[in-house]
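Please read through the structure below; I'll follow up with questions.
As written, the chains take the letters A, B and C, and residue 1 is the first residue of each chain.
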């Protein structure tokens, strides 16, 4: 009996506040805009009886989804988001792997301190960390000042409000999410495997490529998903660091909702984004499940 | 045998410089007497003074704190229950859906969760305000808490719970007197994680808040959309400072505890 | 002075403390306990002995209340334990891993069960002190489990499980983690404490020496069934199956066909052309039935010259000698290829030993030295 209660409480909470909202999003995506509060119709009126419910379902249509395919903005944004998220993930991996590797190879006494240094940015406000780049990448920002002062450039580089700033922003803010899983996988690596590889004729570099990297695969996969999936729907970074030319679907959704007040279209955008994400999310969960079972 | 090469040292140095330089620059600029980022006009704390006189910011901070404490506490309770279910409850109908719902929010883009929650609140006629933000934050935070707590529970020695039952505890007493004190560090980090996520959340709060409830991140965002602001620099420095003190002290405390534990064990073997 | 032997299982008027009645336990497809019935009496030190997977731990967990039988009944002091949770039974358990609460001091660990009983604090303090004295842990009361050694932790686990003065104490491989010397000392301590407190102990172990040392009766288990229950002496001297004979100590098993020679005498024809083994047994065997003679190594005499008055004798060749300090085990190959182990004390110095490798020797034993088994 007690077990039932223990399961039921979090279960019901999540059903009510996580799952059901998604159903509602789907419903709104199939509705029309209305100059009303709430700004969509039809609304489901239970009091109207069975006829009202039938009317409700007949008024739903795929109009919004069709609209998404007609207007260039949307599919371009989806594509652009996929591209930006993918490139950022790769960049984060390139920056994050050596960092994780350095931490894993460091002497034991240093580990707690290094871990603390890696975790501190993670606990610091995301918004602030993105904001900090505004002051660095702007035309009068720190980076341009420094480069002009050293004479490396003669004109300020335009970085802020371009896609490049978005890449930098994503790599910077999501770095701990890539480093920590890779570090955790590398830490478990048995040093004697590398010694065995070298004993059998590998150079240090080959041993790294043939032994270390494959064995840290689970960390690489976990880290990549932890960057790619949220980055796809990012809003804050493209909003603050990107320009009007930066097309990311999170920004499009926000603007559709808050600026255009077109809730049905915003919902349709969300539904499509979710469909795009389902496969990566399932893959991520499968990977996590496999890891958990391996460790038990 | 680990070899700490020059490559490793360089990677570490560059990596951490990359991570910390922006924040250090921010801190330095917060003391810049000039409003303009480019010109250094001397050391000044006037932006801090202006910050503390800005009522709108102070109100938003208060709202943010309330939401943070309330949602983290609720999330910790729900998340710990969920962790228990995931680790101990074995198979039951709908278990796949349950674990899917626990892990999905960890990677779900915030715009989607925010939008869906807002539509829910409107659909059931709930007025948006502090309460709705708390509901929203609790929902995604509990998933993070459950990940932290369940990873601790997995390595928890069940024979301790059995011993407690054997000595006369009811199942709930066994949780309260034996399990909880021992997993407390994980539960506390879960709470802190939930608190940090709540304090930092912009997107979901924007969707689910109402005219009466503005949180600090919302205020910060609307200020910085227009560009760099020295008051925000000051606010950011304060927040970085608080987090830094917290993380460093926690690190020192846990290091001391680990050293003492090792010393005790060595002494015991000798006695 | 004649001591009355403690043997309530032979007393028809005695009521058992624990009764297993047709108990079966299944985990999915796997049957861990198969239709098991057994009585255990008060003040017994009862050992469940067997290899891993034989079901002994499952039996213990069902007594403690952590598992429920799939079929059958378990009664403790006449009360059916079906549906009664562990915290409501007058049973306590000493865990294999000790399961000491790491966040509580030794004192609080021992007091834990007493607090659940809502014992008044003066009485509680006294009881804990008594337990500390009993296990010689007074000095360590304020320490935490990680601040004491492995042997001390074992004693805390014992003290904690005895604090509530349970009717029944279950011990799950309690001495497994201790080194040999400590284990031997602790075995005698356990027996002392059991007698002093008058508690019924049920111990689960895979170490047969341990079971033989401490227990009043041993139950040898295999694959969910009890093969034999008897006192250590009887289990050793009168095993009733080859499995039990082989499990306990060392034994030689010689297979042959039985033919009756007298009231309780049988000839076991084990090889053509050689004199049959003569043995006495109360077991009833059919003519020509396959029988096994179980012979303990120490009951076999090794001699260079042919013995004149032994009941049985066989000639063989020494193929191996295992020197154990106080004893030597001679591996003697007899006709047919079987190697018999014969053990005798090293009464003479090694250099003066009578036999060496490849010597031809005579093995001899009496008519009653071996057990005749049918399975």
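The rule we apply is simple: contacts are C-beta pairs under 8 Å (C-beta built on N, C-alpha and C of every residue); 3 or more make two chains touch, one makes a residue touch a chain.
Computed from a predicted structure; not experimentally measured.
*Asks:* Where the centre of all protein Cα atoms falls, which chain's Cα centre is nearest to that point?
*Replies:* Measuring from the global C-alpha mean, the nearest chain centre belongs to B.
*Asks:* Could you pull out the chain whose C-alpha mean position is farthest off from that of chain A?
*Replies:* Centre of mass proxy via C-alpha means gives C as farthest from chain A.
*Asks:* Give, as an integer number of Å, the spacing between the C-alpha centres of chain C and chain B.
*Replies:* So the centroids are 56 Å from each other.
*Asks:* Report, in whole Å, the distance between the mean C-alpha point of chain A and the mean C-alpha point of chain C.
*Replies:* Spacing between the chain centres: roughly 62 Å.
*Asks:* Taking each chain's centre as its mean C-alpha position, how far apart are chain A and chain B in Å?
*Replies:* Centres of chain A and chain B (C-alpha means) sit 18 Å apart.
*Asks:* Using the touch definition from the top, list the residues of chain A that touch chain B in their complex.
*Replies:* 2-3, 6-7, 9-11, 13-15, 17-22, 24-25, 28, 38, 95, 98-99, 101-107, 112-114, 116-121, 123-129, 131-136, 138, 140-142, 145, 172, 175, 179, 191-192, 195, 225-226, 229-230, 232-236, 239-240, 250, 253-254, 257-258, 263, 266-267, 270, 273-274, 277, 280-281, 284-285, 288, 292, 295-296
*Asks:* Per the contact definition, I'd like the list of chain C residues that touch chain B in the complex.
*Replies:* 64-66, 85-87, 91-93, 95-97, 99, 101-103, 112-113, 116-117, 143-144, 146-149, 152, 160-161, 164
*Asks:* Mind listing the chain B positions that touch chain C in their complex?
*Replies:* 157, 159-160, 162-170, 173, 177-178, 181-182, 261, 264-265, 267-269, 271
*Asks:* Per the contact definition, I'd like the list of chain B residues that touch chain A in the complex.
*Replies:* Counting only chain B, the residues touching chain A are 1-5, 7-9, 11-12, 15-16, 18-20, 22-23, 25-26, 29, 36-38, 78-79, 81-82, 84-85, 89, 92, 94, 98, 100-105, 107-113, 115-117, 119-120, 122-123, 135-136, 138-139, 142, 146, 154, 171-172, 196, 199-200, 202-203, 206-207, 217, 220-221, 224-225, 227-228, 232-233, 236, 239-240, 243-244, 246-248, 251, 254-255.
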